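The letters A, B, C and D name the chains in turn, as written, and every chain counts its residues from 1.
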Amino acid sequence: MMIDTSLVAGENETRTADLKRDYETLGERLDRRGVSIDAIKAKVAAYGVAVPSWGVGTGGTRFARFPGKGEPRHIFDKLEDCSVIQQLTRATPNVSLHIPWDKADPAELKAKASSLGLGFDAMNSNTFQDQDGQPLSYKFGSLSHTDAGTRRQAVEHNLECIEIGKAIGSRALTIWIGDGSNFPGQANFTRQFERYLDAAKAIYAELPDDWRLFTEHKMYEPAFYSTVVQDWGTNYMIAQELGEKAYCLVDLGHHAPNANIEMIVARLIQFGKLGGFHFNDSKYGDDDLDTGSVDPYRLFLVFNELVDAETRKAPGFDPAHMLDQSHNVTDPIESLMVSAMEVQRAYAQALLVDRSALEGFQDTNDALMATTTLKTAFRTDVEPILAMARLENGGAIDPVAAYRSAGYRQKVAEIRPEVSGAGGGIV
Amino acid sequence: MMIDTSLVAGENETRTADLKRDYETLGERLDRRGVSIDAIKAKVAAYGVAVPSWGVGTGGTRFARFPGKGEPRHIFDKLEDCSVIQQLTRATPNVSLHIPWDKADPAELKAKASSLGLGFDAMNSNTFQDQDGQPLSYKFGSLSHTDAGTRRQAVEHNLECIEIGKAIGSRALTIWIGDGSNFPGQANFTRQFERYLDAAKAIYAELPDDWRLFTEHKMYEPAFYSTVVQDWGTNYMIAQELGEKAYCLVDLGHHAPNANIEMIVARLIQFGKLGGFHFNDSKYGDDDLDTGSVDPYRLFLVFNELVDAETRKAPGFDPAHMLDQSHNVTDPIESLMVSAMEVQRAYAQALLVDRSALEGFQDTNDALMATTTLKTAFRTDVEPILAMARLENGGAIDPVAAYRSAGYRQKVAEIRPEVSGAGGGIV
Amino acid sequence: MMIDTSLVAGENETRTADLKRDYETLGERLDRRGVSIDAIKAKVAAYGVAVPSWGVGTGGTRFARFPGKGEPRHIFDKLEDCSVIQQLTRATPNVSLHIPWDKADPAELKAKASSLGLGFDAMNSNTFQDQDGQPLSYKFGSLSHTDAGTRRQAVEHNLECIEIGKAIGSRALTIWIGDGSNFPGQANFTRQFERYLDAAKAIYAELPDDWRLFTEHKMYEPAFYSTVVQDWGTNYMIAQELGEKAYCLVDLGHHAPNANIEMIVARLIQFGKLGGFHFNDSKYGDDDLDTGSVDPYRLFLVFNELVDAETRKAPGFDPAHMLDQSHNVTDPIESLMVSAMEVQRAYAQALLVDRSALEGFQDTNDALMATTTLKTAFRTDVEPILAMARLENGGAIDPVAAYRSAGYRQKVAEIRPEVSGAGGGIV
Amino acid sequence: MMIDTSLVAGENETRTADLKRDYETLGERLDRRGVSIDAIKAKVAAYGVAVPSWGVGTGGTRFARFPGKGEPRHIFDKLEDCSVIQQLTRATPNVSLHIPWDKADPAELKAKASSLGLGFDAMNSNTFQDQDGQPLSYKFGSLSHTDAGTRRQAVEHNLECIEIGKAIGSRALTIWIGDGSNFPGQANFTRQFERYLDAAKAIYAELPDDWRLFTEHKMYEPAFYSTVVQDWGTNYMIAQELGEKAYCLVDLGHHAPNANIEMIVARLIQFGKLGGFHFNDSKYGDDDLDTGSVDPYRLFLVFNELVDAETRKAPGFDPAHMLDQSHNVTDPIESLMVSAMEVQRAYAQALLVDRSALEGFQDTNDALMATTTLKTAFRTDVEPILAMARLENGGAIDPVAAYRSAGYRQKVAEIRPEVSGAGGGIV
């Protein structure tokens, strides 16, 4: 444990009486609605969201990056930071790696994670940047590049990610590419997509039987006129073309303005192709803001679809959950803790929806009572449920308070050298 | 002919010398680029876009409708107006009917159209409004309604449209519905879509072998939280579920802000599911503005995809073209004439693209020259080509001038009674 | 009272014990945060939002309107419906009239309202529709029309609204126009705005000293290329040009996609020009959905600005509050009751923000704790506070349940004749 | 001259005959419209747009930057690249510097520019990045930072920019800041804007009498929940608060989706506060794509406003013009040349608008002919005018062809060392 357990215990002690009282009175109210608070708590306690290794470093924009103190130097530092999040929230048992950023000896990775009580989630490949010494550039694309050699290089990088993943116990590969175009006419949409599909099939062919392949769509950025996998429609085509182990990944910030994301989620579930999520929030584009920080009701509505599918046992429904955010002005550990709890919060709220009443209102077109049924669940303050689940799982009632009290950031800042500000892409 | 041909001839006479001169000098310039102006003209001359019967009436908004003078009273007036458009532009040989708005004896419809030199395009059903005496309301949906009887009524209306279409020589049915929801929770997305698919299959089952079924997606309006066929992804699922006679219709104004529409067109062509277009333009939403009036380059980029598919003979490529606009502040006949010419203009410009040079620039990632290749075609003023095609086909060099000179609107205004202003949906 | 008070009392009786218990335990929790629940309740109890007379009729879109049962026939029916909302929620003491829709003898209006315990809020003029017998059409604009006579007619209509308002005790005039253009070039932006300013000044010149003039901006619809008062920037220019009695009205649905509305509110407060609100919610455009139904956190963030201004006693801060929604698929009375309560909910949540802690976090750039401070207030379930305020004010603990139990809609449906479905503006 | 003039002459020679012929036949057609081609050419020839020093380096995104060959190492290399653009296009006589990126001895700067035939445009300050050794960080803001010392540092940096500008002959300062917030509640909008205004006033106070201050608004990025100068409304407030030397700068990519930018331009002209432009194009956000590459008609509509103001001699109308783009996949010199010509093209097209006819159509609400008047001008292929102006001014008929033929990039690549790919802000 990276943080002294007695410190956490001490922090919890000051909050336990109030929590018990709040849990009890909330339980009483839920009881009146016919809901068992303990059953909700049990589900929440069993619910985890993966943390991305790169999320524990301070993010940036094309204009600038302003590093914080005690930035992790490498994947082993990152794993330690991730373990703090898991220790205090008990909501993030797994870490998702990004290759080549996190490249290291698989045995060492596994040993380190294991010692910290962490597992590994999906592997993420990177063909949107050039690495030192890389023979062919991705400036004009990777899996969909006009040059066959560049496509092959990108395919092989993905195969390497699978190999590393196999060695450390991962079971999924996530592909997100920056391919697209910045000018009308720069790329032929059709031939570009054909090339993409060919390359994706080459990766899929090497996917182990018990793995899943997640492809991720994004409307724009880094390409600013068109992207190859621009929306869920194209993403769905890909999953269909590749086969039954191929699924669509939904990043909440990768859609057009005003898009009804919960509906996209419903469609993918209905057709058996929802692979999972990259959670974050956005106001303008792929802002990568903290999950639930801008539009918490939208997050709830997504979880309303997930709990609906879970309840009716939708065939093949088993989405992967991961946070994917850029922490530019906060301590990344704090943001990831709060975000993991926001995911649990939305899940708990969605579990509170009276689904049989909802179905009745839907069938009779009682729109007002249908939406009120959702709102009633959403506005229930489920914090006592989340906190009690954490407490009972060995976490902190108030993870941010415990983290600050422990002085973790200051401690690692003494070990990890200061990083100077790095300019963004514009210079 | 609704307009005196000698009047048109007289109008043309005053413009012919200049046109010939401009056609000649443009031909000279195109020749230098290796393009035969006559070949382009021949293609343009053979290119038509259907006119919607409802387009010749003044449109409105939910706030108000401000009728013009001489509004058509019924489908026979509308056909006369449509024939004026065709007479002067020679670009709109077919009319698309909307049932029940245009319901009439099929034999009379056919005779009238035939006498005016018009044919019939796709049939359009209407289950987004309640008609007088209609047993069940579409307030809460039609093909996806929770009530089986209402769905059946909507299916049967579509079957009736097919019957009428068969009688008048149509070969396609276009379905656009207003179904959706205004509140989160009002509808269960999954069950609603299941119901839609069932109903659509019931219609498809009765589709004649030589017909096509077009389904149309729309992001919002009249439903304002969700729509059943919200985007091309769902539309594509429908076409796949229904079968090989089912295709996706693209209305240029039905997308999310910033959507890359030309790319959606390319994807649907690639997967053999592009059914056709409802042309118009938009700045904010489904504004139904005149085609090419706000973003003419976007229209060109759509046609760039169409000509690309035509050139490489994409399998099954045979899209239907129709205008679908709301003329709130102009004479609808004038707007439809100008819009039909804008469609031809975009087509002519797209034909000018040097596709072999473009392919070379694409293959070598010469983005600047690739986009310049498109721009060079786009900025060519092809008006002499369009005008010469009209002249040689018996139309007007300047259709708007000829129309105004003929005083058609004033003449029908004497016959057709004045319509008083109708309030929109808000009161 | 339109609804039998004993029925309301009976409904309340079944819910009082639970409410007291919930109020008590919430009070306990707030006490721990240093907040007095009674003080919050008192503020909520004193907080009202005006109801628009037109809101009690079923709304529609340009495609269709689907009337409900028992639609109000005239302003006196509308006032009765409004009084039901006030009786059950105690949150809507005033009604806002729209002229000429609500034109009637002022003395009768006043007497009727008074007998129902209602007052009158801002007057709304209508120059976006043509009325029967109106000499000059607003098809091409009203206050900014190119024709001086039409502008004068529009000015005079507004002056008439002021006269009516004076007679019934209103103190404000709200101007929203549909003026704009549908085509690039249709209007000269500059001259059009000059004409608008001249006309607005002519109205302002006749405004009584104790009145306020509210102008409302809107990005688009019914004009679809440009609108004269397109955003808050132009609205602010107008308020500056007119004088100190002129203020900007903010309708939550009238902005560009992704706009940060709470920030616009803050800017207008800071420069002393926030006149008030038209509350509703939107997902795509001016959807006129029920307040708080799509993005309740955004509504809270707006109220966070209002409470901030209230707390620091911002000079001249005194915004008017009104609901402005279109109820297409619900009983309008139910939607307005729920929406009025959503406004109160947002206000109550905003009152719970620990403003001194927030200021501290802001000053030290502790973004995470600052936003958590807002979230903590937002996720507090304040329903017991709202319900207790209603109960103590003579309203219903659960207004929708009481309303349904009273069978009001069925009763008026027996008196008020059925209205047949009216087509929207497209036909 | 960086490129051998005989090479340019040779390139031109092969194109001169065709150009003369095209210029002649276009002149003939314009003559028929009552337009003198030579008068248009003269205006175009006198029309310049500034080039940003940073534009000649390859841009990037937060994901990656893929440098090209022969990247400029410092401001003196950049000035040489800029001079190539000017030599071939004769459209970019001035360069705009960014401090501290371009910091150098003013005398050397001036001498170098002078030797290359270049002048200096507006100075740009940078308080959105931290520089090595900078005492206080801009992580949480600059001119609006909560810390007075940080604000002072930012003010002083701007004053230094003025000093440098005075030394090299600049006459304007452009301020764009990244200040804002990423979380609701992170910043108090009102106090943040008060701080901004105070700091801006401190800069304004030191502005030389013959200088102008340009402030630039931007909806989002790098701040993703709110920005201090989020739109033109706030920008206008700033210009009003500061005084008569303060003006608003409009960057075409800094607006909300669907915003009518030409209307914003008209409003700022009308109220005497349009300072100038940063030209580029965008499809999704601040994409910084090449000017006119995505929506050339929008660019034309902006110039339609500028020519309208020029024609009617709007008081105080004297906007500054600059390109501001990010060239991620093209040779920056080529992109800047093409973009400068696109600016000239839009200007030439706008000059062709028959303004007296337009005014007539506007006054009579003939929307169709009004918009056709604009379209007729827009679709005129003015390339012969631009090319002739270049030729007569000593530039190249086809600047891209001449540039490629000269092999400039290969030559500088031999001198300037290869730059390795730099990761973006996310790592």
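By definition in this document, a contact is a pair of C-beta atoms (placed from the backbone, for glycine too) under 8 Å apart; a residue touches a chain by one contact, two chains touch by 3 or more.
Note that this is a predicted model, so its numbers are computed, not measured.
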Check the residue numbers that subunit C and subunit D use where they touch, and answer same if over half are used by both copies, otherwise different. same
Looking at A-B and B-D, which pair shares more C-beta contacts? A-B
Farthest-lying chain, centroid of Cα atoms versus that of subunit A: B
Candidate from A-D, B-C or B-D with the same interface as A-C, over half of contact pairs in common: B-D
If you average the CA atoms of subunit B and of subunit D, how far apart do the two points sit, in angstrom? 39
Between subunit A and subunit B, centroid-to-centroid distance (C-alpha), Å: 42
Using the touch rule from the top of the page, what residues of subunit D touch 2 or more other chains? 139-140, 181-184, 186, 219-220, 225, 257-258, 260, 283-284, 290, 293-294, 297, 329-330, 365, 367-368, 371
If each chain is a node and each touching pair an edge, is that a line, ring, star, complete or other? complete
Touching subunit A in the complex, subunit C uses residues 18, 21-22, 25, 28-29, 32, 257-258, 260, 283-284, 290, 293-298, 329-331, 334-335, 338, 345, 365, 367-369, 371-372, 375, 378-381, 383, 400
Residues of subunit B that touch subunit A when the two form their complex: 139-140, 146, 181-191, 193-194, 219-220, 225-226, 230-234, 236-237, 255-260, 262-264, 266-267, 269-271, 297, 301, 304-305, 308, 358-359, 361-365, 367-368, 370-371, 373-374
Can you tell me which positions in subunit D touch subunit A when the two form their complex? 54, 57, 59-66, 101, 128-132, 137-140, 178, 181-184, 186, 219-222, 224-225, 257, 282-285, 287-290, 293-294, 326, 328-330, 420-427
